[in-house]
Amino acid sequence: NQGASKSASTDSTATSKETVKIGVLHSLSGTMAISEVSLKDAVQMAVDEINAKGGVLGKQIEPVIVDPASDWDLFAEKAKELLIDKKVSAVFGCWTSVSRKSVLPVFEQNNGLLFYPVQYEGEECSNSVIYTGATPNQQLIPAAEYLMSEKGGGYKKFYLLGTDYVFPRTANKILKAYLLSKGIPKENIIEEYTPFHHQDYQTIISKIKRFAADGKACILSTINGDSNVPFYKEFANQGLSAATCPIMAFSVAEDELRSMDTEFLVGHLAAWNYFQSNDLPENKKFVDDFKAFCAKKGLPGGDKRVTDDPICWAYTGVYLWAKAAEKAGSFDVSKVRNALYSLEFNSPDGLVKMDARNHHLAKPVVIGEIKPDGQFDILWKSEGLVDPQPWSPLTSPDKDCDWVNHNGTYAKK
Amino acid sequence: MLLTVNNLSVSFGGVHALNLDHFSVGEKELRVIIGPNGAGKSTLLDIICGKTRADSGEVTFKGKQILGKNEVTIAEMGIGRKFQKPSIFPELTVYDNLLLAVKTKKDIFSTLFFRVTPAIADRIHSVAMRLQLNGVMYKLAGALAHGQKQWLEIAIVMLQDPTLMLIDEPAAGMSDEETEKTGGLLLELAKTHSIIVIEHDMKFIEQIANNLVTVLVRGKRLMEGTFDEVKNDQRVIDCYLGRSNAQLETL
Amino acid sequence: MKTNNSSLYYILFIAIFAILLPAGHLSGFLSINTISIWGRYFCFAIAALGIDLIWGYTGILSMCQAFFFCLGSYGIAMHLVLQKTALPDFMVWNKITTLPFFWQPFNSFSLTVILCMLIPAALAFLIGFVLFKSRIKGVYMAIITQALTLAMWLIFLRNETNLGGTNGLTDFKTLLGFDLANTQVKLALYFISFTVLCLAYMACHRITRSKFGKVLQAIRDSESRVSYTAYHTVNFKLAVFVVAALLAAVGGMLYLPQTGIITPGRMDVKASVEMVMWVALGGRGNLKGAVIGALLVNFLYSVCTSWFPDSWLFILGFLFVITVLYFDKGLIGLVTTLRARIGNLYLKTAQTTN
Amino acid sequence: MNHAYTAPILSVNQLVAAYGQSTILRGTTLSMQKGAITTVMGRNGVGKTTLLKTIMGLLPVQEGTITFNNQDITKIPSHKKAKIGIAYVPQGREIIPKLSVYENLQLGLIAHADKNAKLPEEEIYHLFPILKDFRKRAGGNLSGGQQQQLAIARALVSNPTLLLLDEPTEGIQPSIAQEIGSILQKLVKEKGLSVLLVEQKIDFATQVTDHYYFMDRGKMVMDGGAEELNHKALEKYISV
Amino acid sequence: MKNSLKFGWILLLLLVAMASRAQDSSSLYVAQLLHPQSDSVRTHAIGRLVALRIPATFPLLMAINDKKLYLLDNQAITIDGKPSDEEKYRLHRVYPDTRPLHNSSGDPLLLSLSQLKTVDIPRADRLLLLPIAPLFNLYSPDAQKRIQAYGQLTDLQDPQVQKILADVVSKETDYNALRIGKESLYAIQLHTAKNEATAKAYIDSIARNWSDNASALLTAYGSGKAFNTNTANYAIEKAKQLESKYDNLQRIQNLFSGLSLGSILILIALGLSIVYGLAGVINMAHGEFMMIGAYTTYCIQMLFSRGYGDWFFIISLPLSFIVAGLMGLILERLVIRHLYSKPLESLLATWGISLILVQTARLIFGDLTAVKTPQLLAGGWQAAPHLTLPYNRIFIIALTAVMVLLTYLMLFKTKLGLQIRAVTQNRQMSACLGVETRRIAAVTFFIGSGLAGLAGCAITLIGNVVPDMGQTYIVDSFLVVVTGGVGKLAGTIVSGLGIGFFTKISEAFFQAVYGKVFILLFIMLFMQYKPKGLFPDKGRIAEE
């Protein structure tokens, strides 16, 4: 769409009083609000910081916040509104894969740019999305590897438990392929799914109990959102513990643990790219700033708020965009996109780097153990940055994603 | 015989409400049923019109067994019912109430493409006129007074033009004058229809009981006879009429 | 008098949506996005007409209209997906190599259109037959249809169903060779939706005015009386149920190309209750009310989620409560009472001046 | 004593009441003596039931007043009216369908002035023997006439001073209707009960009435003592 | 608890005496460990201690493994059990002996964590302890730990370990620990048995003892290490028997799960059914009253955040009832009151209210929260080997039973109940009979909403507290109300239990998702036969 980019470029020549619009597309009501509101706050904070420092290309950033209300159709509608009516230069948003998939065609048709901050199942390579969250190889595989290692406990049996939707299904497919490739016999891998908002884990825990009787089993959990508490509670109540059978979670971060009763969770594990307990000075500042920001804005939780992986990447996304725009000298989507390749940024998680050929971010992988205060003890950290693999070599060995030399997804020889 | 009932038995939770060995109504007969409260009169009508299921026995109408058939089928066979507690369409106008009742084809397509013909309009109006409903044609039926509802329901049954009409306490809640009118109406209808009427108003019964009167007591048929026979039967006086019989004499 | 009122409504409606809105777009005031959004509301309004028939007129609270709506949408979506690729990409990920049999017919557009109406109608017939035969009514009906929708939702969420799971179907490019991203095509879809809405309204209007419609209302009032008056109520109920399902499906079919995505989220519990709420808010048992309710609630939904991102739920919630407390016949009832009041006032002043 | 005799127990003054837009009572006036049976008669739909409903508080009074025992009760809610001794037997019985007969009777006790009053079971079953056999049955399952008996019994349980009866003999077998007549007279005599009766059957009315009113289109058009109540006199009002 | 603590220490003292010789070499490593010059020194020291396996160092190692090693005046100490109300702990030394610490007046010393210096041992180092963790955990005062340790010892062939094991088992007091300890012993003896008779005897013992790993052990033995086919078959045979026994227990567990799910549904449906009966309306906001109850519990927990143990929960039970009830009352006064006998309107209004309540909760509380399980209700009751019935679920079942009973008594044995039932069926006539319909309606709403609140409070025991938690259960509980027959207490109970059982049984066969679909279809079919629920009204009253 020529209109959008034209208006953006004419804007950039104007005076510094002028603003550049970005869209914020996170659910503020409905089921996903619980997770997504924090991301909106993080984006807002990054915007405020950048504006305080003089904005981008001499312009103040003006966030346009809309509420897609956890309604996937509305995500598409709001995306259209942001791109066509509001003519924003970039959009920061989405959490679930569904919401991303629903806005994807809109962004592609209207030449928009979406910064997507959450870990996802991969198998996607859109020219219009900048994926700042983890790809499967940046979260799942290291976690499984760790659990199988001597240091991680040398577990031999794996219970793959998830909520029934795309991320867990794809994640488990990749995990299963990985485990099988590592010589774990088929019967030692169990895959199971529960519906959204499932609350009653009695039956499943008794199955797990039996599965884990010999102490060699662990759980890889992609259970989402509000099902986690009942799951962990029942786990403890039926006499299981992190010592007998640890749970490695891929969707439990500090923000979810914030006001949960962590008693049952202590000792269980999680794999992410970022933890609040990361003791880099950049991170210390980021955490303090975020708390101060929430307290100042009177957001629920105030200075008790915590940061976590998606928050970190939502925040980083804004900076990446701003930096790319500076580098490109324009807000034009294709120029910004080109400037993003190989762009480095000193994020709260340390130095991270955009991939040179696709739209994902290279970053460290960390595995942590839940502490009673809802924070994580970092147990393991990858050496250096882990490069993203949008197409897992385990399940799609013949595919790769490259927007520089090829036109997106291409077949490897 | 148009309607024959044999060995009919109905009980509710162990209590026998009806235990009728034989009962029959002929063509164009106006049959009155009386009996103490709770004798099973309404229950009998309920069974005939398919509202209640019987435990055992047989009921034939025009020679066909009707036990076990559903209300609609029975209605289609030509049995119309007026209930003790008026049953009408409260949120439709009186006119629409009547329109729905008129005897025409009643399947989906006919109703979809239904047009009011002058003949039908005439019929509706003449019936409404006779039942003094013409003044309230476009009032919602729910807003009628009790007595008017009674008449509306009678009008519905009339327009249905069934072979057999089951009329439960038509005079309840009506003034003497109106009761008498109703009686006249029933007598006239009886020229072309078979009718079963249940009533407690002896004056009214006297007016309409040209044929037999059946007395039900505790679900059983106590006796059947002309009005005079019934009125003077000691058993009927004991369990049903009481002293009011004497009062009738004085009139 | 009465017809005059109605025709005023109609003229206003047509003036706004057939002339004003498109003109606004052509002269550059309104983006094509706004036009498309209204096009989508029309689809909801079509479904709402069905709900009004089954609930407003017949008194059967069916909570599975959202499901029929989705069936229509999914059908068209399957066709659109197949226009793009021979094998949908999610099947590729799930390691499915051949197109499942039930996808095959959706290669052809005409078959798709037929199936999109046939499947919901047949299902409605089946469900209706089972439920009405056993004389399920009232809340029982409402809750069971609700549960049915829930069950269907759960099934559609599954990947094994081969309908895209939670992600549903999305990313469509062309319909009958027309580019869906094209402004002209969007405008055309808008007009088609508008026309279908008008036609559906006219059809429903005829139905409710006919004796058939009276029978429906009579069923709402006193079903047993209808039976004793020799109407086969089951048939009538079944017929409206199928018609309502068809309307929902048609709405869904038109909805899809204008929205660009269909997911099971369209038929979850919330969505299915909301559809009933449109009608309730607009004015139950009044076709105009159903249309107005659907348009208004969805318009508010769109507007409030942009203007008051945090608080649109409050707005909607209060709207419901206040409508109920003060205008008990829905918005359309409010309009009528207001008119009556004004009319009275006018009469009174006329009298006093006399 | 004399004073009580002359002051009306219930007087209704220029009452106006309506269902929504349609006004039914258009200035109804009525006054009834204590310890007497006053009958309101009139054709179908003239507003007899509406009058009782308005007195009972089921319909708001738009204009006019209602006085009971020298107390203005125009505006007070139905349940208070019940508590100060007005009992109501509505047209259509209004039995609480899913409560048993016994429980329906117990409900009558709620309006009883004495909080600890016991159900006078003996008395009731003496008057209406059928209720005894059906104690445990759901009220809604009784036959029409049985329900009517139950409704009357329920009203009597509260030991009221004023009884509003809307066509109490409707659907009741003649012997019991007769009985009800005598019971009313007995109660009036023995307990000083006052009864406002709406009745269309002249036979029944003449038998029990002390004073009658004749109603037409929401207004009283004629009243008089029992002795004046004869067919001839009334005929012109009954027929249009 | 106390006993086992004492027992642990006695054992430890015994060991300390036994190993006093080895102590000399260990003290150096301990010092290095507590005050390492560098990380590698510490790692080395731990490695050595592990290799030496000196029982005197076990308490220290155990403290390291539990991440509970602290320094106080240069003594290596650890904390005991749960904190007191002021978050203070009792302390005892872990090296060279395990004396409890006392203050100057001879009372046990109580300190808070902030007064201690934490010795941070990285997980990498802690992992070094893994190989001997079972060994030192045998001496843990915590029975749970010992159970685990016994379980992990089965493979050890070391005679020294066997001796320790035998010794510890002979003094074991905890029932469950004893069983698993015995199993380990038997297993070792089985593996060393040299003739068929003894082997079979040990197989029998293992089977009789039937602890967690019995069947796995026997199968492993039968399919590998047995010295002749006879014993191998015998072992496998026994293992199979155990499996089938286990399957039976599993069935019981399933039934229990069904019972517990059913109770939750009943608890919610109870209020729903009462309110439904009254307003004649599907109260869309019922789930939100549940949410209010849950948040009340949460708030009280926050208020009580320091100490008072389980009191917060005991107080929240009535309070959540009252708060939710009051909210219901307000709602009734403000909105529902105008809508009696207008089912459609109240449906709309309650839906609107539910939207408002959910969003309000979201604004106030923001996010996912959860309530601590009270100590009393943590864990489960070991009803039989392999059959743990969690206390929280037992509690919910009991609570439901009590509430059902109270509701029954209230509705059917009191004047209030009579009035409530009358008002639900015929408001106008009830008013004419002297029933204060407004008050009764308010009370009914109070009770109905209160019951929902109570259900919310109970649900915090098993689930989390989120603004839209009401939606999770609401469809299910409507189904319960409907299958039971609207307004039928007995029906609600039977159908609640029925749906609970069926869900759990079908979950055992299908996946959870299909289990749910199956249930829904089943209910639809069921309604074919009972279109008005389990206990329909009979006769004329059924018609309305």
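Residue numbering begins at 1 within each chain, and the chains themselves are lettered A, B, C, D and E in the order written.
Note that a residue touches a chain if its C-beta (ideal position, glycine included) is under 8 Å from a C-beta of that chain, and two chains touch if they have at least 3 such contacts.
Please read all numbers here as calculations on a predicted model, not as lab measurements.
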- [ ] Would you mind naming the chains that touch subunit A and likewise touch subunit C?
- [x] E
TODO: Trace the shortest sequence of touching chains from subunit A to subunit E and report its length in steps.
DONE: 1
Task: Pair exhibiting more inter-chain C-beta contacts, B-E or B-C - done: B-C
Open item on the list: Going by C-alpha centres, which chain would you call the most central?
Closed with: C
TODO: Measure off the straight-line distance from the CA centroid of subunit C to the CA centroid of subunit E, and report it in whole Å.
DONE: 45
Open item on the list: Centroid from C-alpha atoms only, then distance subunit A to subunit D, rounded to Å. What do you get?
Closed with: 75
Open item on the list: Suppose each chain is reduced to the average of its Cα coordinates; what separation in Å results between subunit B and subunit D?
Closed with: 29
Open item on the list: Which positions in subunit C are in touch with at least two other chains?
Closed with: 154, 157-158, 224, 310, 313
Task: Multi-partner residues of subunit E (at least 2 other chains) - done: 359, 363, 471, 513, 516, 538-539
TODO: Would you give the residues of subunit A that are in contact with at least 2 other chains, written as numbers and ranges?
DONE: 29, 164, 195
TODO: Could you please write down every pair of chains that are in touch?
DONE: A-C, A-E, B-C, B-D, B-E, C-E, D-E
Task: Residue ranges of subunit E touching subunit A (in the complex, touch as defined) - done: 123-124, 127, 130, 144, 148, 151-152, 212-213, 216, 246, 250, 253-254, 256-257, 260-261, 359, 362-373, 378-380, 388, 390-393, 459, 461-464, 466-469, 471-473, 503-504, 507-508, 511-513, 516
Open item on the list: Using the touch definition from the top, list the residues of subunit C that touch subunit B in their complex.
Closed with: 207, 210-212, 214-215, 217-218, 220-222, 224-233, 235-236, 239
Open item on the list: Quick check: in the complex, which residue numbers of subunit C touch subunit A?
Closed with: 31-34, 36-37, 40, 93, 154, 157-159, 165-168, 170-172, 181, 259-261, 263, 265-266, 301-302, 305-306, 309-310, 312-313
Task: Contacting residues of subunit B [partner subunit E, same complex] - done: 12-13
- [ ] Using the touch rule from the top, collect the residues of subunit D that touch subunit B in their complex.
- [x] 19, 22, 41-46, 49, 91-92, 130, 141-146, 148-149, 167, 170-179, 200-203, 238-239
